[in-house]
Amino acid sequence: MISKQQISEIISKYDLDDLAIATVCSHSSLQIFDGARKEGLKTIGICVGQPPRFYDAFPKAKPDEYIVVESYADIPKIAQELVEKNAIIIPHGSFVEYMGAKNFAELPVPSFGNRAVLEWESDRDKEREWLEGAGIHMPKVVDPEKIDGPVMVKYHGAKGGRGFFVAKNYDEFKQNIDPNEKFTIQEFIVGTRYYLHFFYSPIREEGYKLSNGILEMLSMDRRVEANADEIFRLGSPRELEDAGILPTYVVTGNVPLVARESLLPHIFSLGEKVVEESLDLFGGMIGPFCLETVFTDKLEIKVFEISARIVAGTNIYTSGSPYSDLIEPDLSTGKRISQEIKLAAKLGKLEMIVS
Amino acid sequence: MISKQQISEIISKYDLDDLAIATVCSHSSLQIFDGARKEGLKTIGICVGQPPRFYDAFPKAKPDEYIVVESYADIPKIAQELVEKNAIIIPHGSFVEYMGAKNFAELPVPSFGNRAVLEWESDRDKEREWLEGAGIHMPKVVDPEKIDGPVMVKYHGAKGGRGFFVAKNYDEFKQNIDPNEKFTIQEFIVGTRYYLHFFYSPIREEGYKLSNGILEMLSMDRRVEANADEIFRLGSPRELEDAGILPTYVVTGNVPLVARESLLPHIFSLGEKVVEESLDLFGGMIGPFCLETVFTDKLEIKVFEISARIVAGTNIYTSGSPYSDLIEPDLSTGKRISQEIKLAAKLGKLEMIVS
Amino acid sequence: MISKQQISEIISKYDLDDLAIATVCSHSSLQIFDGARKEGLKTIGICVGQPPRFYDAFPKAKPDEYIVVESYADIPKIAQELVEKNAIIIPHGSFVEYMGAKNFAELPVPSFGNRAVLEWESDRDKEREWLEGAGIHMPKVVDPEKIDGPVMVKYHGAKGGRGFFVAKNYDEFKQNIDPNEKFTIQEFIVGTRYYLHFFYSPIREEGYKLSNGILEMLSMDRRVEANADEIFRLGSPRELEDAGILPTYVVTGNVPLVARESLLPHIFSLGEKVVEESLDLFGGMIGPFCLETVFTDKLEIKVFEISARIVAGTNIYTSGSPYSDLIEPDLSTGKRISQEIKLAAKLGKLEMIVS
């Protein structure tokens, strides 16, 4: 990974009155560009081959300029150009996936957030060490031979929802497992899914205070998964299995929702624990993150995964959510990121929020 | 119940230029405080032990001051303090549940709405008398021995969704029933759930006119219930029963939706009938109320319950809904409550909307 | 169908500074009137018997005046009155259904959009010719005797969701088919449903450019269908069939959602192809249209139907959607229609967008 010092040197030469944010044109980029424009930052869209035409349909979210690469693997070649434009990269899930975590780790361009988090988030064992170390309740890990009820089998690394399946016994596990992939088996938690969109700021002072900085909860969503979310119309899992149809969990979109207000203290304590532990483990996870949870009928919250960056579920809230509206009007996660960059620049603390 | 006269005496001494609204910090309090602030009313948060920290994360919804009690049962002890602060209580579901309906009925502080409604709403038989008296179609009541199709068994009193279960025959009923609780059995209506958020104002004059005052429909939601709403991913009800897993109906949150526009005349007529009947039965249900319904494939609307106060489903609409946006921008149910209090104060009619 | 020339003659006499929009009070009329008012156009509500009272509850969406007819079949009788008021009709699904497609085709009042589309949209075979001609992937057509997996049987013409059922084999098909209706049988696509709300403008110049004019994507929704969407709570399809309960697909309302951003290029290309083909086939489909799709777990998008006018799913977005917010604030499809009419009037191009 590129060192803190190298990034500090790069950013020390940036013209703070002419900062730009840059990201790959996908995932949550419309929102990121729209938010940056609202905050008065320049925007650079990185794309393969040619600028995507659909940006023309969304003028408020169209980046000020595009940098075209031949393939995502070529992004390192434009590092110098990005630096010359005073660009700070906003990494989203597709950015990291398309480019490769290794390439991203070495990219000599300041990136919003702490790149050290990648190592903790992309390995299921380290992710568990982090979350359980924080006192978070996760679904139990199950050994393959000891499967005696529904379990979720998950491959390592983000795969846009393609990386897991449900098995109800060892036979089903054996039938479906890809032996070439690292995997983890967790108990299947029965309840309802909530994806909680947090933001950790080490520099704001007013708000829900942590040992260092503040925690915000900007919104929440539920992912729409094909074909699991509508397959019940055809038959029950067992009926469908007989017909050779298996449920799959590919994310196709997101729906908005809110949680029972009496759960907010619990929800905030989850975000708080995760951030505090990240400060201890690797210097802190900066900016947006998402806890992927199941709320049970006992009103327990089980966390099955963490995403340590902006998630696509925030795309629902281009112009604010039922929660962020209680902070200020028209506040998306994308806009919040640019606010953080602007505040850090103003306070001379950019080094604290980039890596 | 505290008498109308006692409340009138108390409120006659209020400083109308310095009114406050007060509620328990839970359920829909963020929205209630945010709405009051937008209308320029002071806000008082009642909480146990200490102010909840999560309010720090939502500055626009943080009350101006907190009154801390040792337990909700101690709320009567702060009645004098609330009165000295010219406070009007906004009762929400948790407020009444935490404090106890009896304690609430006697609390010598002006409360928004008509407390007499509690008696009609908390007893399933009186609720049915009210709704059917209004000509509303409810699911049929079924005797335990005569269960010959799917039924919903409901315990009396609000329990946050824990108070019911589905049985498909007498055996299932016997297996699951808690003999220590009062219950009602209704036929299970097959359709889709809509929770309709109304507001009855006895003092506004422009709008959908009733015999006295006007009716508004501010928004609607669907409740998210654990584990019933996602359990289909694991198996059908019969398959799960074999595995010892039963569907439960605990509300964990809410999703937004809108209804077919051609149903609006029907929807408004339901709200109208319920209000008119309440005027006859107990002097009227004032302010927000919710009809909990199922829309069938014949486009009939069956009402399975009424909540005679602000419901948590309105929390989705902090800054307005697809419906309230057609009344005025940025109109939540919380804000609407404060508007009603302000208008009543201005017209010298506070007595008409508190009890 | 009334000729282009007749309509041109009528509209050539319109007072362009005093244009009105008119529609039947149902379906998406609240939004259409609200949008027109925001754009400064007069509004006329056409209704049967008497003005619907529920409009009084939504002052911003209440039309400036009503024209009352005895039955929808009498709308031709008010054609002259509409013309005298410089009215342009906004046809929505209920408008066409209530009045009858034939009557609508002949109505001598300028109507927003191209009436020629009706012929292509209301006949399942011509619809398929259009969409497949455009290179769109539709569910395969299946012969009744060759049903060997789940299929959707659809009657011709819009019936508000009543017009179809699922069959898993020939027996189920025979059992449920109404022999008096024209029908089409399509394979049942397993995935998640998205209803994509587009807008084609032949006169705007900035945006996602087509061969002629521009394409916008204003929002998307998922329909709520009774009883199919909640019937899983009672049992699986097979379990319910045993109990004599069949899933039905009547639309009762809509929920908001967003799609994975990486699918936007695909989504726009679908809208583009459909418009380009419509230009070739019948002079173009003007204004709002909706592609009714299923997203599969391979991230393919199958289009199962097209609606060539404003759909009720846009009612969620009275004040903008996560997508239209990236065009301009507060932009509903209803408002967008009035913008198009105003722009056309200003440019002297009304003939291009009415028929």
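Per-chain numbering from 1; labels A, B and C assigned in written order.
Operating definition for what follows: a residue touches a chain if its C-beta (ideal position, glycine included) is under 8 Å from a C-beta of that chain, and two chains touch if they have at least 3 such contacts.
This structure is a prediction, so every number in the text was calculated from the model and none was measured.
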item: Arrangement of touching chains [line / ring / star / complete / other]; value: complete
item: Interface residue overlap between copies chain B and chain C, same or different (over half shared); value: different
item: Size of the rotation, in steps of 5 degrees, that lays the CA trace of chain A over chain B; value: 120
item: Euclidean distance of C-alpha centroids - chain B vs chain C, Å; value: 35
item: Interface hub residues of chain A, defined as touching at least two other chains; value: 232, 236, 239, 255-256
item: Complex contact set, residues of chain B against chain A; value: 26-30, 34, 52-54, 56-61, 94, 160, 162, 224-227, 229-236, 239, 243, 245, 248-256, 312, 315-319
item: Contact set on chain B toward chain C in their complex; value: 149-150, 166, 188, 190-194, 206-209, 214-217, 222, 228, 232, 236-239, 247, 255-265, 267-268, 295-299, 320, 322-323, 325-329
